[in-house]
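In this document, chain identifiers A, B, C, D, E and F correspond to the written order of the chains, with residue numbering beginning at 1 in each.
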Amino acid sequence: MSDKKLTKEEIVEGFNKLRQEQRTLATRIAQMESDKGEHGLVIEALEQVNGDRKCYRLVHGVLVERTVKEVLPALSQNKEQITSYVEMLTKQLVDKGKALNAYRVKHNVSVRGENGDGEKPKSEENSNSKSASGVLVSN
Amino acid sequence: MEGDSKVVESKPHLGIPEAVFVEDVAKYLKEQGSCTCEEALKKLEENYQKYKLMEVNLLQKKQRLKQQIPDLKSSLDIVKHMKSIEGTDTTMTTNFFLSGALHAKAKIPPTKEVCLWLGANVMLSYSIEEALGVLNKNYTTAISHLDSVNKDLEYLRDQFTTTEVMLARLYNWNVKQRRAAKATTNGSDSK
Amino acid sequence: MARDPQFVMRYMEELEQLAEDVLSDKQQIVDLDKKRNSNREALAALHKKTTAPASSQNKTWLNFGGVFLKLPKKSAITMLQSDQAELDKEISQIRDNLHNKVNKLRDAQGESDLLGYGLHPLSKAELNRVMH
Amino acid sequence: MSAKQGQEINLTTLQLPQLKMLHDQFDSEIEYLTSSMQSLKGAQTQFESSKRCLLKSMTPENEGKSVLVPLTSSLYVPANLVDTNKVLIDIGTNYYVEKNISEAEEFFKRKSDYVKQQMEKFQPILQHKFKTRQLIVEVMQTKLLAQSKQQKSDQKK
Amino acid sequence: MAVDMELRKAFSDLQMKMVDTQNQMRISDGQINAMMVEKKKTELAISEVSSVPEDAKMYESVGRMFVLEPKATVMKNLEAQHKLTDTKIKELEAKKLYLEKSVKSSEENLREMVLQRRK
Amino acid sequence: MGAVDAQVRLELQKEFDEIQKVQKEIQKSAELQKKLDSQLNQNTVVKDELEFLEPESNVYKLTGPVLVKQDLGEAKGTVSKRIEYISAEIKRQETLVADLEKQLNKHKESVSKIQAKATAVAH
């Protein structure tokens, strides 16, 4: 797409689209971070109990009865996957931020009431959130 | 809050910085490292946004706790009851929440085991005694967390007020300053 | 108006904090009282049913959050009664505390009148709610 | 809507601030309707899934079946399903009714249909509001354009 | 002048239809994606369940309850689910293809209209 | 002139205060009506459901945390009473709002009267 003939509306639209994508990424990261935190808490709890204890794991609608020592490695692996996913998303977020800035400079877009990287802190601040369904209480 | 002093106690509110209130704007600017008024305004604005972000997070946390607490309380009550009939041959009948508006009936044979949902798609089996301990502990923790979240929110609200007042002051001061500057240049022009 | 504005600010904050504290305590009492009333209703219903000969079963469904457990009426009544006792205790505790807080607030605001700052940290409606 | 034509003519006679107000009013109405639609949709999905749950689990084969029963959202215990020929339905305002399976199925179907009907009633209204808002935006844009042209020619003088 | 108006109306009608179709395509895309995720999850569950010893207890979730089922039944149900998502994906893709064609022909029509107008 | 001005301002302020007060009350009533409306709706839905039932159906009412069996006729009666009560309350609120709106108009009229008088004096 050549952008020499972009109208003002189209520029704004493109900009908003990028911003929306950035926001979606940030929310996704926050979700994953909280998921990661939840995994951490559960792993911690399981590490403190006997490995032979009965423990259930839910996989896509199927609850399988296992033991703690069987579930723990699966959980750790899962956590690692989430971690690398978060890393990937974070990279994407950084790239998106760069793209956004480049777009801003190129089309001379000014944003009211916000400065350059006002979006960034969100993903960091949300890291200690956790879903309410479990019995564990987060800090 | 014990609140027995006339001075605001600077309790540690988990990393929430205190907003400062200064009467003398010029002095304030000097304290901030002799920055321009615009810079100071921007900084305050930033702080304000940060407070807002913290508020959002705290409110989320509060919401979560408010959901969790009654659930923990019910779990605790039920397990307490199970403890009281443990060892007898009492079968409990329950009408449990299946989905939406739908409840179904089940009989719970005498049991020494309950399962607690830990999160991350994992459920752990507990003896009744143990479950009682875990639930009790988590219930108290959740309540004290809610309490501290509420206090943090209150504290945050004060920081909002202070920052708002400071913003207004700085803004007014800035306007006055500019007007004064304009007046002097106009004055010198006309001379 | 030669007063130290910083002092005024803090004073205002202090007042607001006190007032908010009082209000939230009052709200909590209202909530707990609501719960106590519904328990009372439930107890009344249980007692009424024992006298009714038609329902000879001596069991009842008791609600815990989302689930109903079928319990002997006796245990249900005991549970409700112990819950009531707990609520009573909690309410009277908050009430005792509240009394002190209201007094403190009253003192603080009395002072504000004396000093003649003309501050309005609380609206009239709020004040009424706080002071009855 | 028979007033459609009339509205169209009316719009152009309005001043910009009035148009802005009208636009905002439509905005909030649309927002309200959209959120109502969303909650209706949510209710419908819930009724449907309850119905599916009912038909899947409340069968004679499942009588006495071993299950893990939720006592709260975080507490489960081993139990046996009993009385699978009937269920307890929460019909609202603290009333609960015992129903057999076909009655319960009918209940959920009735509810789901009712909600669907409501949504079908709202949909055209929402559509119309969208269109009208679009129209308002267009009129506003034309007016703004005319205004800025006017200003430019004024400046030239 | 009147012809021009008519043409403009036809033009905008066609444009609207195209936007509508494009929206539908976007919805289809979303549905396909969701189904793909669903399929992936089912596959993961199948591999997880098949790795568990035959005598392991397992439950299927129904609403908020879990019902004890033998492994064979669970596997059978998962396979059925897998097949179902597969057919759904195929259906959705066919629908999307149809929409794509429709957009293309709309584009074609628009182009022609513009050409005619230039004459 | 100054005294008149002040007098006018005072009068206007009074009217504005009144207007604000009335508006607040109208808003309050509107909120209440919304709540009542949804309550009415809920109860009507429940009533319809009760009408659907066979006479020998088991109906329970949740009283506090206890589920108490209730006679179908009694349940219907209770819900009907609630509906009656809520409807009456809605009517009451409607007349209240109508009354408040009348007051509001009166105050608005006073405002324009005061303003007209003031401009007349000024000229």
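Assume a contact is a pair of C-beta atoms (placed from the backbone, for glycine too) under 8 Å apart; a residue touches a chain by one contact, two chains touch by 3 or more.
Being a predicted model, the structure only gives us computed values, none of them experimental.
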**Item:** D-E compared against A-D, more contacting pairs
**Value:** D-E
**Between chain A and chain B, centroid-to-centroid distance (C-alpha), Å** = 21
**Prompt:** For chain B and chain E, what's the span in angstrom between their mean Cα positions?
**Reply:** 41
**Request:** Give, as an integer number of Å, the spacing between the C-alpha centres of chain F and chain B.
**Result:** 35
**Asked** Between chain D and chain F, what's the gap in Å when you average each chain's C-alpha atoms?
**Response** 26
**Message:** For chain F, give me the residues that contact two or more of the other chains.
**Reply:** 60, 62-63, 67
**Complete:** Where chain D touches two or more other chains at once, the residues are 49-50, 53, 57, 67-76, 81, 88, 91, 96
**Asked** Got the chain C residues that touch at least 2 other chains?
**Response** 61, 64-68
**Message:** Under the stated touch criterion, can you name all the chain pairs that qualify?
**Reply:** A-B, A-D, A-E, B-C, B-D, B-E, C-D, C-F, D-E, D-F
**Request:** Write out the stretch or stretches of chain D touching chain E in their complex.
**Result:** 49-50, 53, 56-57, 62, 65-70, 73, 76, 81
**Complete:** In the complex, chain E touches chain D at residues 59, 62-68
**Touching residues (chain side chain A, partner chain B) in the complex** = 35, 38-39, 41-42, 45-46, 49, 53-59, 63, 68, 71, 75, 78, 115, 118, 121-122, 125-126, 129-137, 139
**Prompt:** In their complex, what parts of chain C are in touch with chain B?
**Reply:** 4-6, 9-11, 13-14, 16-18, 20-21, 24, 61, 64-71, 75, 79, 101, 104
**chain D - residues contacting chain C, complex** = 70-73, 88
